[in-house]
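Which chain is which? They are A, B, C and D, in the order written, and residues in each are numbered from 1.
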Amino acid sequence: MAPIEGIFVPNIVPYDAQGRVNEDELRRIIRWLVAKGVTGFYPNGSMGEFIRLSYEERKRVLKIVVEAAAGKPILAGAAEPNVDLVLEMCRYCADLGCRAVSITGPYYYKLTQESIEQYFREVAAKSPIDIVVYNIPVFANEISVPVLKRLALDCPRIVGTKDTSKDMCRFQQTLMEIKPQRPDFSVLIGWEELLCTAMFMGADGGTLSSGGVAPEVVMKLYNEARAGWWQEARQTQFKLLELFSLMVGAPNFPEGFRQGYELRGFKVGHARFPLSDREEGLLAEMRAKLACVVVDCGFVEAAGECHRPGEGGRQVPVNRADIENLVREVMGKMLVQRK
Amino acid sequence: MAPIEGIFVPNIVPYDAQGRVNEDELRRIIRWLVAKGVTGFYPNGSMGEFIRLSYEERKRVLKIVVEAAAGKPILAGAAEPNVDLVLEMCRYCADLGCRAVSITGPYYYKLTQESIEQYFREVAAKSPIDIVVYNIPVFANEISVPVLKRLALDCPRIVGTKDTSKDMCRFQQTLMEIKPQRPDFSVLIGWEELLCTAMFMGADGGTLSSGGVAPEVVMKLYNEARAGWWQEARQTQFKLLELFSLMVGAPNFPEGFRQGYELRGFKVGHARFPLSDREEGLLAEMRAKLACVVVDCGFVEAAGECHRPGEGGRQVPVNRADIENLVREVMGKMLVQRK
Amino acid sequence: MAPIEGIFVPNIVPYDAQGRVNEDELRRIIRWLVAKGVTGFYPNGSMGEFIRLSYEERKRVLKIVVEAAAGKPILAGAAEPNVDLVLEMCRYCADLGCRAVSITGPYYYKLTQESIEQYFREVAAKSPIDIVVYNIPVFANEISVPVLKRLALDCPRIVGTKDTSKDMCRFQQTLMEIKPQRPDFSVLIGWEELLCTAMFMGADGGTLSSGGVAPEVVMKLYNEARAGWWQEARQTQFKLLELFSLMVGAPNFPEGFRQGYELRGFKVGHARFPLSDREEGLLAEMRAKLACVVVDCGFVEAAGECHRPGEGGRQVPVNRADIENLVREVMGKMLVQRK
Amino acid sequence: MAPIEGIFVPNIVPYDAQGRVNEDELRRIIRWLVAKGVTGFYPNGSMGEFIRLSYEERKRVLKIVVEAAAGKPILAGAAEPNVDLVLEMCRYCADLGCRAVSITGPYYYKLTQESIEQYFREVAAKSPIDIVVYNIPVFANEISVPVLKRLALDCPRIVGTKDTSKDMCRFQQTLMEIKPQRPDFSVLIGWEELLCTAMFMGADGGTLSSGGVAPEVVMKLYNEARAGWWQEARQTQFKLLELFSLMVGAPNFPEGFRQGYELRGFKVGHARFPLSDREEGLLAEMRAKLACVVVDCGFVEAAGECHRPGEGGRQVPVNRADIENLVREVMGKMLVQRK
């Protein structure tokens, strides 16, 4: 099979008024993203609140995503809580025709690197489907680069890694330590602030939450980077930063990203964790700001919620354009000697 | 209902050769502990690998513990992954007649203190059973003292806290901030190195893993502390330290404690997470040392596994007693001015 | 020489309007504390901003403290930045007749435990004066318990440790690991929230910043603990908590403690580090609250700055007494079974 | 004055057998680096053990570097322990004709961002020389991006920043937040693993310890990056990684880099902090490996210490070349679509 590359969208799970998975809206989101040209999907990840779904719900979500994805490759979260359940989920994913599963380091308990290595070896030995090792130290046990390297060199089923550590020394080491000996091993970035940088270093793509809210921007950046159009890529990265920093800075991830989906026209409801009244207010404020950034990206769906201060709600692209010009000018100077 | 006090044992889950819950052995452990006089039980906690069981297994384990406990109070772990499932488990526990549920801060995601407060408020408003708020920051989001205090003062269903932070400034603040305004609020310690100290500060008891391996020692310490016999309590604490430090220092908690149960004559099998070969060796080494410490505590079950170096396997209590005498002498000096 | 025990006050350095060391006021503070009965002094520690003084200023401060202390034992900070300078300061302290020097782990660089051990061994081999190893991990490299134990058993010059880690597992291990083999080794606590607890565990005393602001309270607590009057000691500890938490919670340690000295009637000026305007305001607010707590401790010097809300500035000890009674009642209940 | 850009070498301080600064060898190093074409020098930084020198030694080192640098710009560490001493050092640097001073966040105490901002504002208001704000959170208080931005926009004397956090999200934010509004503000990287990446992002250069050991490699990388020759730059970065990781991984930074200087033919002696015997051994092992990497970079000075296993000490460039070819091939594939 071909190496995994491109942009995989870690989709959220929309809920209905009763808090159940809103299957129709999930299908609508997936189909919309297919039309936007994203590479594939990443269900049952942190963005999809896998840990707050029941086991049955996770299976159901996965099935819906696969069906709606119309053949696009699926990288399915399978970080179940013990080896037997992980393998059961691996088999389920294989049966559905997923491209691979993604497995985080174990969470809750703090485990030794040795045990973590042993865990991945056992899963890899028995899995009927390719595996991506997912390093997300903020939520789950880190998987060290030496462990990852041994897994990559010893286990054919382990075909790549996704990294959300934001540690670019680690990212570079991963590329340098593994790629020369296993060139088909995929290295994906999981943090969109660093997509351009990661592509520059040699990444194969990413799984990026913003890709579900602004697939146009993320795919543009990915394609510019693939083409080696670094100056353009950096400017697109800059645009993405604004979007991302608002969504990721909102209270209780992944609540902020859910607001982004709403602004693109989907009914997704709240995440499965309560907010205080004050945080509801903060979220509403963020949403109002985000609406204008979304509009500035050219997505008019959000225009109704973008009210610029002192303008009686009128849009002021002129002002915005001025800022963009200034930024372009400065960035141009920064890049001038580097073609 | 009376405040929660005493020693609750966070029991492990024994597995059979196929990795299934060994129900008979679980019953046998519980009955043995009942006979040893422990106050109650704490199923589905970290020691019981709640997170590595399926939802159905957790329910089954709880049912068995309740039945075998012969009326002893049950503090049941109910840290399910979303509010609906937490409440479902609360109802299940209430129906079984548990004394209370214990709920950790949410795990995996990093959440704000505000959201965590809101989460406990929602659960407390709807729960049919009393709740103990469990702070275990090494595994799950911390619950700050100000949040805990507001919950204690506002929510009648929240009747106590268990603390495994090892932070005795926090423990003292918890007692000082809450007890004067709500004297029936129970404050339990979750780390046996600090049981004597916590009791001295005013704790109502603890949930202590060693209590399942050496209930005689833990209950002795608890009773000495309750009686204000501090000099004796400190010496018992000292004895407990040796036991505990070996078990907690073994690779991949709670594997070390499981070895302790084996040495007391139970067949519990490995935890539900693999060890490397080297770690299996470390565990065997630890078990050999633990066997001698268990024997020194007076529990002859472990004698067959205690082989002292240079003694052809013969027991040498003399040597041990010398050490104890020295310790007693020094501790006596340390305490002499303090009655 | 006798083991080090008792309460050593880590004094601040008062500055005049030009920012120079105010030598007269420093003498006045030391003499006042001598009269209050503190055991000894601890100049050139964190409280004394040793790192913000020049080398010459540190020597000068030390000389003044020794002269004003009228024979009370001096434990002098000597955490100079390299071995040669540490030894030079050790000689200086020995010449002045100090009881011992206190040396923190190295700061700034992160060093291995092995190098840190080697560092203390070299200093201990050449020092003409006894050494207390000072563990303060929030500011300087931690010194692990195994390293400390080896130093204690191998180096006669190393006669004690001061611990400001707030980690009572560590504190207990230090006592348990070292005292049985070297009973004259002094173990001092450096965090007043835990003074009562540390004494209960077997500490030999402490170096406590509050001791400079409220020597009456700290010495009362120390003496109660020495006498084994635990119920009284805990109530005194409770009183100390209020004082301490206000001072330690103020912006930019040790600024809060300096306000405490001012309220006791000394002119100490600001610490040698700027505050923002907003922080100056926070500090003033804290000082106003602290004044009332100081008055409630019975120190009338602060009465002029204590204005209770809604009382037109009149003092309301009645209200305060009610709270104290309630606290006493609840604490009595907490302690009833423990004599 | 022109913005600060290029590669500034944070030089070490050589010591003689008595542990005194070896002034002749320091001059020899500086002159050699001038001849190698480095942009400028960075004395009295972490590499130069500023904190282990006396105040007088720091001044002396600086004077020697300035004199030997033959007009190359000097960025002088001035992280003295209080505002008055910082300003005294600023004046000294100005008198010597340095280009700017570099000031870290305060160390030892943990301070609020507000106080840190106030500290830099006070220094900037009174300094007679330009200031670079140095963020090195592993050793000193972090300076947040919002604080840095306000300082950059408000204080003309603050002309740049050096960042050694390894956090490339932060680095990118620094560029994006400050450059558009103050294009002449210099942003330097302080970690050579990320030099290529930082230049790609828009950095103005770096202060890189490896630049003192392998100025040829670091200047090659810098010049390739400046020219926009990214494929070459990445390969040079790869070469630098080997050198750097050995030196930075040795016990007790900056000991490893000192070995590098020795291999280039300088007599620098040990750093001013002891090593254990075992660590001395580790260092010798590292030095033997480093010698071969240095030889592979084309620097024959180290040939005498490079003994390849199984080769009787003979050099085997063939084997090495094979590896390089493989790496080049793989990297070529990684980069093929990106020109």
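The rule we apply is simple: a contact is a pair of C-beta atoms (placed from the backbone, for glycine too) under 8 Å apart; a residue touches a chain by one contact, two chains touch by 3 or more.
Being a predicted model, the structure only gives us computed values, none of them experimental.
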* Asked: To reach subunit D from subunit A by way of touching chains, what is the minimum number of steps?
  -> 1
* Structure fact -> Chains in contact with subunit A and also with subunit B, listed by label, are none
* If you average the CA atoms of subunit B and of subunit D, how many Å lie between those two points? -> 50
* Whole-Å distance, subunit B centre to subunit C centre, using C-alpha means? -> 35
* Chain centre separation (subunit C, subunit D; CA means) in Å -> 39
* Distance between chain centroids, defined by C-alpha means - subunit A, subunit C (Å) -> 50
* **Touching two or more other chains - residues of subunit B** => none
* To do: Could you tell me which shape the graph of touching chains takes: line, ring, star, complete or other?
  => ring
* **Every chain pair in contact, whichever chains are involved** => A-B, A-D, B-C, C-D
* Can you list the residues on subunit D that touch subunit A in the complex? -> 166-169, 172, 175-176, 179-180, 183, 191, 193-194, 197, 199-202, 225-228, 230, 234, 238, 241, 326-327, 330-331, 333-335, 337-339
* Asked: Which of the residues in subunit D come into contact with subunit C in the complex?
  -> 19, 46, 51-55, 81-85, 106-112, 114-115, 117-119, 122, 138-140, 251-253, 272-276, 278-279
